[in-house]
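In what comes next, chain A is part of two complexes: it sits with chain B in the first one and with chain C in the second one.
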Partner chain A sequence: MGMAIESMELNEVETLEGHTDRVWSLDWNPATGHSGIPLLFASSSGDKTVRVWEQNTLSSNRFTCKAVLDETHTRTVRSCAWSPSGKLLATASFDATTALWENVGGEFECVSTLEGHENEVKSVCWNASGNLLATCSRDKSVWIWEVQQGNDVECVSVLQGHTQDVKMVKWHPTMDVLFSCSYDNTIKVWADEGESDDWQCVQTLGEPNKGHTSTVWSISFNASGNKMVTCSDDLTLKVWETENIELQSAGEFAPWRHLYTLTDYHDRTIFSVHWSREGILASGAADNAIRLFVDNNESEVDGPMFKLLLKKEKAHDMDINCVQWSPGEKPLLASASDDGTIKVWELAS
Partner chain B sequence: MTLGLINANPVVHAKKERIARTDYPHADHAVDPLDIYDFVRDIRDPEHPYSLEQLSVLSEESITVDDKLGLILITFTPTVQHCSMATVIGLCLRVKLKHYFPPHYKVDIKVSPGSHADEESVNKQLNDKERVAAALENPNLRQLVDECLYSNEL
Partner chain C sequence: MSDKFSAALRIGDLNDFIAPSQACIVSLKGSKTNTFKSDNKPQVSIAKKQVQSEPVKISLKDCLACSGCVTSAETVMLEKQSLDEFLSNVDKGKAVIVSLSPQSRASLAVHFDISPLQVFKKLTRFFKSLGVKAVFDTSCSRDLTLVESCMEFMARYRQNQLVDDERSKSSLPMIASACPGWVCYAEKQLGSFVLPNISKVKSPQQTIGTIIKHYLCQDMGVRPEEVYHVTVMPCYDKKLEAARDDFVFQLGSHDEGHGSDVNMISEVDSVLTTGEVLELIQLKDVDFKSLEEDPLDRLLTNINEEGYLYGVRGSSGGYAETIFRYAAKTLFGRQIDGPLNFRNIRNSDFQEVTLEVEGKTVLRFALCYGFRNLQNVVRKLKTGKCDYHFLEIMACPSGCLNGGGQIKPKTGQSPKELSQLLETVYMENVWEAEPFDNPTVRDLYDKWLEQPGSEKAQRFMHTQYHPVEKSITSQLQNW
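Here is the complex of A and B:
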């Protein structure tokens, strides 16, 4: 494996144009890319729209824009997230709202609007079972919402704790434990300690825990959920580990601890990091480059725990805001940029 | 009338003589600090009917360019240490450069060391592009920025 991995390349498959302003985020629909269902993802932009892109598996394997969701948000759409079943799309906007969309007979309809944040909503995320949503905002709060029958959505908790705007929320891939990262340089872990939706901050990962020294922009988990990676304006990626994530369900808490810092790779703010099921870390940054990292199996004691697999310089003409591995069988990566484009890449040897 | 101004009596300097430059924009011309200074010197101060140049908020020396790497660094000096308009000045600089310069330049904007009481927090805010984008979608802030950029009051 060592030899094969050394010779890998990230080849550009396609550049997707359509957005008329920077593309902030994208999210692959997890229910696509297998069982004969063509790959599909959504992208959100400073042009106030969301676009849905689908792969044409019959002919070229190219992606085409299937829908433009443009009549709901009045400001930048900062992020988007598909529910685990792939049936609902949530979009978070600087207009202080989060919208829920459903594909009804090929048309996307806005079926619910979540209001409550005082100002810009920056991120939205579904929990593993798809009954809970989390959002975060410049108003420093994190909200947890319950999605009920008929797409009725109710706020179940408002979490205060961050001292500055909250950049991203991310649910653990298997447990109902929520993570948030902020302009206040910290990552907070939130868990439901009782039965009455009593969500509490159970851990804060900051500078004293070998944490970040500037804004934390993004969080991603490995497949088994015992490790997470975060990226920051401090130009580092940090890997964190927990002993036993299952403990969390028993009302106990196994704290996360700093495992490793990847430093001296990116030259400017790292906006996005995503961990593939195969264990490859992809990062996208304001230096226009994409970098891939892997576990360093041959590591000696005290040697680096992760190593650079490859660096794609000038992956875009401007900042890269989001990188996401596809859920399909092929190792496809999509990247979204300030240059207004989305690129699809294939990792090949 | 001047009650409420953060700096009621700013020191006003003469405008620098302009050198006629006809070689920009030009594909083979490397961007230098003077090119950038020429674009931003006339931005009006958010508080006063004077330009950033006249108030010595900006000078040619406070701009550095690495044309090869595509990096621009602008350092400005607010007229008072507690200037709450520092972030507005920063937004004006960003908008102006975005409109007139090739978008692939990476622009960093800072207050000059020691010139602001909250130096670190102002610098952090000015260089967080998400906050900049959100601020520019705020109609009140946008209007303030536009008035500084397109004012004929000078």
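Here is the complex of A and C:
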């Protein structure tokens, strides 16, 4: 960050209303925000619907609700995720199903429903090449699905290992390695190792590894994929790193280790964290505030590795459940809250 | 829920996140006590319960009837119960009969590095030294299960071919019923849509129980309540199977599962896992490897005149293979010699075999092991895209040899290495033999069950399945 970071501000671009219950998650479509395509994101809510929002023009500060995806999920839609190509949207619901949606001539059609979890599905995520989906649930299991031609979906693996509710699944940004975090306070790493033909847990990051001491809510990777950040009910953000992620492609597993803990910044549960391609960490928490952190590269050897860039108090009226940076050259930040709104923010100096 | 049960059972019963007590009919102690934010806001606050110091007793029957869970505490209790109960029944002077599964035989053979036949003979010695009256072999009853399964398949196939209505369509695929983890999962999670497809024929465990308690006792002039029948199985879920109401009958009548608890006879009184038998051997401080070998009890054991064990190929019971051969021969006049040509579909736990007649696929059978493959088959069944005639579904990856009750790999041994070793050892000293030719099975038909597929055979050898209604509490919990 070459700029004078002390003077940065997080300015509200727009407040988006429409959901009639708390907004749980949002996901920017990765195929938008560049090549002249206006930004687009989906949001999911306790009102059992998913809304799709589109920027009016690429440089505009106005977003319009383009679609409401309803009458499919019968309970809260907890999470949503666009495929890497931006063509499919996966939505995970407390009704124990995950739905796949395809944009067919401007209309979103539910093209497949994934059943199998015993109860609430908490999170859904696509791998980098878009052929694998991961889901996790209150039933403590993590499932991997393969999306085949014609949107046919098959279960590839059912992974047991967490001892409590699994809050989020996240694929590594380049490798087919899966991460999950749970109410059991751990982060688990899953890989398809050569020896057997099934996926298995290759690492558990818990308290003995300087891990979290309470529920881990969210995971995000840096742009190169050699670091990840996790946030927790223990009021900390933790940064983890791996030596050589490329080892993974050679069938070897590169273990992750604790690098740094951002402590004393939050006094309520941190529900969401997202790492921008430019290296800015955004956190959303139960204190209704958004915080941004940056690499403290001027620091002395023993100094903090990250420092607070800014804290946006009262960003929302209630808990912030999700924060995510947009794709594109000048990323916007979007936040989803229990107050039923989504806000879009611009970082300006 | 203990991780010893199969994945299918675990996934089907995982409801103890908030607390088991919400879905369970019996209140249990201790859930996680720290406060948490549930995703399911607004959160209903649950009053903290007093931690109970007395262990709460839940029978397996309670668990089968409930859509809640079995927690690890009870599982530990159950395990203890089995060994203790076994020993106390031997001491009580009951006529204890042990029926040993061929998968358990293989597991012990690998563990002690001796042959399965030696294991069988040494175990006979060991059990008899404890006071057990007889040790039998469930590959013998399995042959009866297989014969009846062939009959059922033929009936289902013909029904499917003859009539063209929805009801008849549901007669196929037929699904093997030997895996209690799968049956329990189907009853609790899948409900009525898949249950009609599950074979009505009892598993080898329950078949040998039926033979012993309904026929053998009478034949030998022993009262069934004087017999304590224990099976040795590769699988914890078999304990749940033995506890089903369907496998309990009242003396003097054939109204199974009804009436008071007085004089209720269980086909199988207790199930020990292979691991528990090893524990028992260690508990008794026996040097198993150098233990003397007793002759086998031939009455219900697949052993021929020359002293060789015999049985079908297929370490999960050979259901698909046996029925495929029988159907090919009976329906299409094709005698298939040598091993069947199973092809991997997705992975080695999902294999398919087909029969082509005049360029048309007339039989399509599959082996489907492990929860992930089971899910895909269920998905196909639900969407009506399942074109199989028969499915050998087993909840455990690699099937029954890898059951949760088997002896764990030794230090430095990978599960895969162990699994390959078990596959090799499984058919060691075992001659491949056709179930229809089994002299014990023939004898049972001649003296008791009349003909394969007869009304009498069905009365004794068939069972039924019951969709478990979700309790209101479990529905509320999953609201």
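As a convention for this text, the second predicted complex is superposed on the first by the 339 of 349 C-alpha atoms of A that agree within 3 Å, B and C clash if a C-alpha of one lies under 4 Å from a C-alpha of the other, contacts with A are read in each partner's own complex, and residues count from 1 in each chain.
Please note the rule applied: contacts are C-beta pairs under 8 Å (C-beta built on N, C-alpha and C of every residue); 3 or more make two chains touch, one makes a residue touch a chain.
In this text the structure is predicted, and so the values were computed from the model without any measurement.
Visitor: Return first, second, both or neither, reflecting whether A:154 touches chain B, chain C, both chains, or no partner chain.
Guide: Second partner only.
Visitor: Quick one: is A:278 in contact with chain B, with chain C, with both, or with neither? Answer first, second, both or neither.
Guide: After superposition on chain A, A:278 lies in contact with neither partner.
Visitor: Is A:70 touching the first partner chain B, the second partner chain C, both, or neither of them?
Guide: Touch status of A:70: no partner.
Visitor: With the two structures laid over each other on chain A, which partner does A:109 touch: chain B (first), chain C (second), both, or neither?
Guide: It touches nothing on chain B or chain C.
Visitor: Contact-wise, after the overlay, does A:9 reach chain B, chain C, both or neither (first, second, both, neither)?
Guide: Touch status of A:9: no partner.
Visitor: On the A-aligned overlay, A:120 touches which partner chain: chain B = first, chain C = second, or both, or neither?
Guide: both
Visitor: With both complexes superposed on chain A, which partner does A:317 reach: first (chain B), second (chain C), both or neither?
Guide: First partner only.
Visitor: State which residues of chain A lie in both footprints, the one left by chain B and the one left by chain C.
Guide: 22, 46, 75-76, 78, 94, 119-120, 122, 138, 165, 167, 183, 214-215, 233, 286, 338.
Visitor: Under the stated contact criterion, what part of chain A meets chain C in this complex?
Guide: 22, 24, 46, 75-76, 78, 94, 96, 115-116, 118-120, 122, 138-141, 153-158, 160, 164-165, 167, 183, 195-198, 214-215, 233, 269, 286, 338
Visitor: So in the complex, the part of chain B that touches chain A is made up of which residues?
Guide: 103-104, 106, 124, 128-131, 133-134, 137
Visitor: Going by the contact rule at the top, pick out the chain C residues touching chain A in the complex.
Guide: So the residues of chain C touching chain A come out as 3, 7, 10-12, 14-15, 17, 32, 34, 36-37, 39-41, 189, 346-348, 370-373, 375-376, 379, 382, 397, 414-416, 478-479.
Visitor: Residue numbers of chain A touching chain B in their complex, please.
Guide: Listed in rising order, the residues are 22, 46, 75-76, 78, 94, 119-120, 122, 138, 165, 167, 183, 214-215, 233, 268, 286, 317-319, 338-339.
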